[in-house]
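Below is one structure; the comments refer to it alone.
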C-alpha cells in the first residue's frame, strides 16, 4: 500500500472501482457541494472534485474536497496546471493532505479560450505529466520540486486522465506509458462512446503490459438527449461519438431519450467489464448526478465493497 | 524576426490628437520585412492620419523618416536634426525602437503606432507565424526542431493533450497541434523511442520569469 | 449638393482598361468626364499610397481598372491590385471615410461599352455619396 | 523599300491572314525578310478572332491575339494587301512571279483614320467598323483591327458623292477599281485556312429550320461579350435563358452525314468541351450541358486533363452515341434529341432548349481554285499534299503550306506550322535578305545595302537643365478641332507652370508637323515635350522617334490623350471636353517634368545555337539552322543520333522511317556548321538570351566544355512507356506497338503465322499515374493492324480501345482497317480486359459491350499500345539547370499554350518534338522547323532591345525582405551577395508589382516611378486645392 486511499484499496482487492464527479458551485454555496456528494453516497468509492472545470471560475477544488471529507466521504482532488505555478500547486497538495485528502487527479486543464475568462494569463508552469512527477516525488522522496525536504510528506494516490480518442491515435498508448513513467497510479479515461476504438487502445495498452502498471477506469457519460450527443460529437475537442449513438437517441421520442441514454451507458459498462485491463468506471453524469445510483445499480456494480 | 502590426487607426489618431507637428518614424529592419512599419507603411499612415484630421478641418505637419534600425542609438541619433520641429514622435518600430527613441529624446512624447507581436517566421508571402518565445533555454534539440514552448497553446512539454484533433489544436482549427508536428518529425527522424522520456519541469529563470534579461559580451564591450 | 461634380481618378491598366477607354472613344460612346484616367503598365503597379494620395489631394472617388480574372498580362497583377484596394477600403473605414469611394473593376481591352458603363456607375455612386469629406472638413474650419 | 529589278527579291508571299499566316509573316519579317501578306477579306485575323475564349486556358483571345495583329500592321517588312486574290504564278523556287488582283475598297487605307464619320452617315455601305458591331458575328471585334480602316460596299451606296463628302480628309475613293499587280517572290506560303461545314441541308438536325439549333462557331459568338447578343445567352425563339444544351459531335466529319468529309476535323472535341465548360463556369448548375460524341479525341497537350476536368469539376455530361435526329416541339420550341446507345437497345429521347452542332472543317471552292492556280497537288480531300518528313512542303518546290489547309488542326498546331513554313521559306530566300548571317562577309555587305531605318542624331544631355516643356496640340482635323477650341486650349497651355512654348500643330503625326515640332524643340532648347493628341497606345513610338530626331531622349515625351479619351467621347459637351483637355494636358506637363532620360536595355547577340537532343526533332532544327550558315552545337545524351525514331520502321502512311533517319544522321554528322557532341550531358548554365554560356560534358571521357550561344533549342524527347501490366516484360507473346512494328519489318514470318492478334490501347496512358493521352498509339495500332492484314489476310485482329483517336486523315486508315475486318471493341476503366498466360500464348478476356457478353480470345500476339512517358529525369535536370517550368507529367511548359507553342517562357529558349508533348514524327519535324524559324527571329538581330520600363532597386533602402522575390510573377528578383535585392533588367517584364509591394520603397519602375504617378495627381488637382 502506497497510501491510505480507499480507491487504492478497492483496486488492490481486485474488484471493479467506481467513481463519479461533483462540479463545485459558482458561488460560496457549501450546501450545494454536500447535496451533490450525498446523492452519490454508497454508490461510488470516491468522488472527483473538478478544478475550475472548462476554464470557468468555481469554488476551489480544495475547499470543496474539504467539505466532502468533512461529511465522511472520499474526495478525489483534481488539480489543473493551468491556473497556478508549481509553488501554489505544491502548497495546495500539502494543505489537502493535512485535511486527510489522499487521492489526486493531475490534469493540464482546458485552455482559457473555452471558458469565461479567455483574457486570463494561462500559467502552465508544469504540464500534467510533470505534475504527476512532482506529486510522486513529494510522496516517494519526500522532496519539493526545488529539492528541499518536506516535513510529513503528503501520501497521495496519483491519478491522471487519458483520452484514447484524441489524435494522433498512435501516440495514445505511448502517452499513457509516459504518464506511467512519471508515476501515475490510476487513469480515468475520457468518456467512451466508440467502443471499438477504445478496445483497440486497450489492446495496445495490454500488449505492452501497461495494464499491470496502472489501474484504468473507463469513463462513462450518459447522454441526456440527442442534442447533447450531437453537441459532444461536433463541438467537444477530442470526443469521438459514433453516428449510431446519435441515431439511436434520435430514434426514440424526446421524452424517452434520457432513459435511452442511461440504457446505453449501462450497456457500455456491461461490455467494458469484459475488456481486459479495465479496473473500474468513472461515471461523469454532467449536471445529472442523481442518475448515477441508477446506473451503478443497473450495471451490477452495487453494492460497493466495504473497505476499512 | 520580430513581427508587428499597425494599431487601430482610432487609437493612433487619439494619441496624436493634441499635436500639430508629428515626426513619423519608420524602421527599415524587422517591421519593414513584416510590412508593418517600413517606408511604405509610413507613407500610408501619414496619408491616413492627414485625411482623418482634414475631416475635422485640421492639417497636420507630418515629417516622415525611416531609420535603418530604431533599436540602435547611433541610428536614433539621426533624428536630432528634425526632432525640434516636432511636437511628438509617432514610431512605427517594434517596442524596442519606440523605447530607444523615448530614451534618447527625453522631453519629447513618443507614441507607438504598432503592436509588437512575436518572434516569428514567414510561412509565405504575407503570412507570419510565431516560432520562438525567447525562453532562454532552448529545447529544440529534444523536440525535433519544433518548439512546444512557443507553439503549444498550453506550453506542454509532454503533449499532446487530449484536445488534439486531426493535427489541429483544440483552441482553433487554424492552429496546428505542435505535438502532432513534433511527433511526425520524430518519426521522420527515427527517434520515436525518445517520446516516452518524461520531459521534466522547465527552469523558467532563463525566461522573462527571471527578470529583464541582458547579454553582456565581455569581449566586445 | 445639386451641382456637385465629383472628380474621380481611374488607374487603368495599359493592356485592358486603358485600351477599353480608347475603344469607347473610337466608338463614340460617351461617359462622364468626371473620370480622369492615369495609365499604368499593370493594375498590379498601383500602390496603396497612390490611391491614398489621390483621395488626400481631393479626389472624390478612385478606382483601379485591371484585366479580367485570369487574363492579366503579367499573370496575377490584377489580383494583387484587388487585395490592395481592399486594404485601402479597410483603412478608409477606420478613419471614417466611406470605403465605397474606392473600387476595383475588371474588363478586357475590347470592352469599350463596359468601360463607359463602369464610368457611369461609379460617377453616379460617388455623386450620391457626396464630396470627399476632407473638403467639407477644411471648408468648415475656414468658415469658423 | 524593295528592289524591283533583282530576280531574287528575298520576298515571301503569304496567302491568307489568319493566325497561321500572321505567325509566318511575323516570323519572316522579324528575321529580316520582306513579306507580302494577302488576304481576300478586308481585314486580317481569320477564324480565331471570332472565338470567345480558347481552351485549355479559357483565356480571352482578344488580349493575347491583338498584340500579334497590331504587330503585323506596324511591321516595316510586311506589305499587307487585303481584299486581294492570287490569280497567277510563274517561275520556280527562288524566283516566282505572282499576279495579284486587289478588289476595290473605295477607301484610301493610308489616309483613313477610322474616325467613323462615313459609318455614321451611311451605315449600310460600310463593311466594317472597328471593335464591336451590332451586326456581329460578321464583323471583327478586336480593337486593333488591321488595317485600321473601313471598307465601302459601293453596290449598296446610292449617293457616292455624298458619301465622299462625309470624309474630311478625302479617304473615300468612289472611283476605286480592281488592280492587278505583279510581284516577284522567292517563296510562297499558303495559309488560306478552312471553311466551316454547312449543316443546313441536314434536315434531321434542323439547322436553319429551328431557331434554337446552332453551329459551334455561332454558339461561340453568342457567348462572346461582343457577339450579337452582347454575351447574353438566350434562345432566339423566346428570349429565355436555356436550361439544357446539347452538343452533337462529328457534324460534317468522319463521313457520318450526307456531304460530310471522311476525315476527322481534329479540333471539334476540344471546341465543344470548352464551350460546355465556359457555359458551366458562367451559369453553374443553372444550365445542364451534354455532349454526344463517338470518340473523345482529346489527344493534345494536357487536353485529356481538360476533358476529365469537364466531367469531374464542371459536371459536363458526355454521352457516347450518335443522335439520329433533332425534332422541335412546336409548342415550346424545345428540341428532342433521339439517340441509341451501344449497351441499350431502345431509343432514348432527351429534350433540350438548345442544340449546338460541332461542325467540322472543309476546304472551300475558292481555296481549291487558288491551289490550282498555284499548281500544287491536293489530296483526295482537297487539302495540300505533304509528307511526314516534309510536313509543310507542297508538291511544288518553293511553295509551302501551314494551318488548316495542310490538314484539320487546332490553333497551337497552326502556330507551329506557321513558324515552320516561315523557316522553310526563309531557307530559299537569298541569305543577305534574311538574318544577318554570321561569318561570310560577302553576305554581310549585301545586308548593309538593305536598311529600312534612319539614323538618329546623338542625344542631348539634359540632366542638369531645368525642365523646359513644349506643348503641341493636335486638332486631328475635326476630331479634336471640331469639338474644342484648339487655339484657346493652346493659350491656356502657355499659362501652365514650366511650359515654355505651346502651339497648335494640326495633324501632329504628319511629316510636316513633325518637322515643325522638331524645329521648335531645337529653337527653344526644349527638353520636355507634351503632345495633346491621340492615344499613346498607337502613336507613342512615332512621337518618340520624333523627339529622338530632335536630339532628345525618347522618354522625354508625353502624350495627353485628348482625342480617344476626350473629344471623341464628349463631343456633345464641348465645354466639358475643353475642360478635360486642360486637365489632361496639365497632368501630362506635371508628369513630363519628372521624366528622366532612360536607356533601352540591349544585349549583343551571340549567333550560335545549342540544340539539346539528337533525335529527329533536334537534327531537323540543327540542319535548318546550319543550312542558313549558323553554327550549331548538337548535344545528345546517348552515343548515337536518331532518338526514338531510329526504332520506328514505317509511318501510318507507309513511309520508310529507317532510311530517312539514316540520311538525316549522315547529313548532320557531316555538316560543317554542326558540331555533334555525343554522348554529352548538360551540367551548368548561365547568361541571358543572346549570350548564354552552357557547360557540357561530352565524349567517352566526359570532358567539360563551355559553350557560348545565343539561343537554345530543347529537343530531348520522351521515353517509350513500358508499364508492367498485362504480362508485359514477362511473357514472350506480349509486345509493344514499337516492338511489333520492328517485328513486322524484320521478322515478318513470326507475325504471318499468328492467327489471333489482340491489341490493347491506352496501356499506361490516360491512367491515374499518367493521365494524359499519348496521342500516337491509336495510329500505331491501326498502322500495325493493316500491315498484319497485308501479311496474313486471314488474321483475326481485335483492338480493345477506349476512344479511337485517329484524328485528321488518319480516320481514313481507321476506316480501312474496319473494312478489312479488324475488330474494334471498346472497354472502359471499369471493364479493363484481363490477360492470362496460356503456354506460349495468352488469353485475353474482355467485355463485348454491344452484345453484353464476356469474350475470351487466345492470342498469339498481344500488342500493348503503351505510348509515351516524359523523360522525367532529363526534363527535371534540364528544367533546374535552365530555370524552365514543366507540366505535372514532366514535359516542358511552353510560354503560351495557344499562341507560343514553340517558345519557352525563358526568352531565347525553344522546344521541339516529344519533349513538349507526345506527338508523331510529322508533328515533331514541324515543331523542329518552327523552333529553327523562331530562333532565327532572334538571331537576325545584332542586339535585343528590352525597353526601358524595368524595375530598379535602391540597394541602400532595401531591407532584403524577400517580398519582391516572392511577389514577382516571373521570379526575377533575387537577394545578391551584397545582401540586397537585384533585378536583372534583361529579364524584368516591367509590370511593377514588386515596386508596388516593396515595404521599404526601395524599388521604382522606370517610366512609372511613384513621383511621376503622383505628379499626375498634382497636375490634376492643382487648380482644385
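Labels for the chains are A, B, C and D, by order of writing; each one numbers its residues from 1.
One rule holds in what follows: contacts are C-beta pairs under 8 Å (C-beta built on N, C-alpha and C of every residue); 3 or more make two chains touch, one makes a residue touch a chain.
Bear in mind the structure is a predicted one, so any value in this text is a computation, not a measurement.
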Set of chains whose contacts include both subunit C and subunit B: D
Sort out for me whether B-D or C-D is joined by the greater number of C-beta contact pairs. C-D
Of all the chains, which has the CA centre nearest the overall CA centre? D
What is the distance, in whole Å, between the centres of subunit A and subunit D, each centre taken as the mean of its C-alpha atoms? 72
Rounded Å distance, subunit A centre to subunit C centre (Cα mean): 63
Subunit C and subunit D, separation of their C-alpha mean positions in angstrom: 34
How many angstrom lie between the CA centroids of subunit B and subunit D, rounded to a whole number? 51
Contacts with two or more other chains, residues of subunit C listed in rising order: 47-49, 53
Two or more other chains in contact with one residue: find those residues in subunit B. 40, 43
Which residues does subunit D have that touch at least 2 chains other than itself? 967
Dump the list of chain pairs that touch, please. A-B, B-C, B-D, C-D
Of all residues in subunit C, which touch subunit B in the complex? 47-49, 52-53, 55-56, 91, 94-97, 133-134, 136-142, 144
Please give the residue numbers of subunit B that touch subunit A in the complex, ascending. 153-167, 170-172, 177, 179-180, 183-184, 192, 195-201, 204
Subunit C touches which residues of subunit D in the complex? 57-60, 62-63, 66, 114, 116, 129-132, 141-143, 225-226, 230, 535-538, 561, 563-566, 568-573, 576-577, 579-580, 583-584, 587, 949, 967, 969-970, 989-993, 995-997, 1005, 1007-1008, 1010, 1013-1014, 1016-1018, 1020-1021, 1024-1025
Residues of subunit D touching subunit B in the complex: 957, 959-963, 966-967, 998-1002
Any idea which subunit B residues touch subunit D in the complex? 28-29, 32-33, 35, 38-41, 43, 66, 122, 124-125
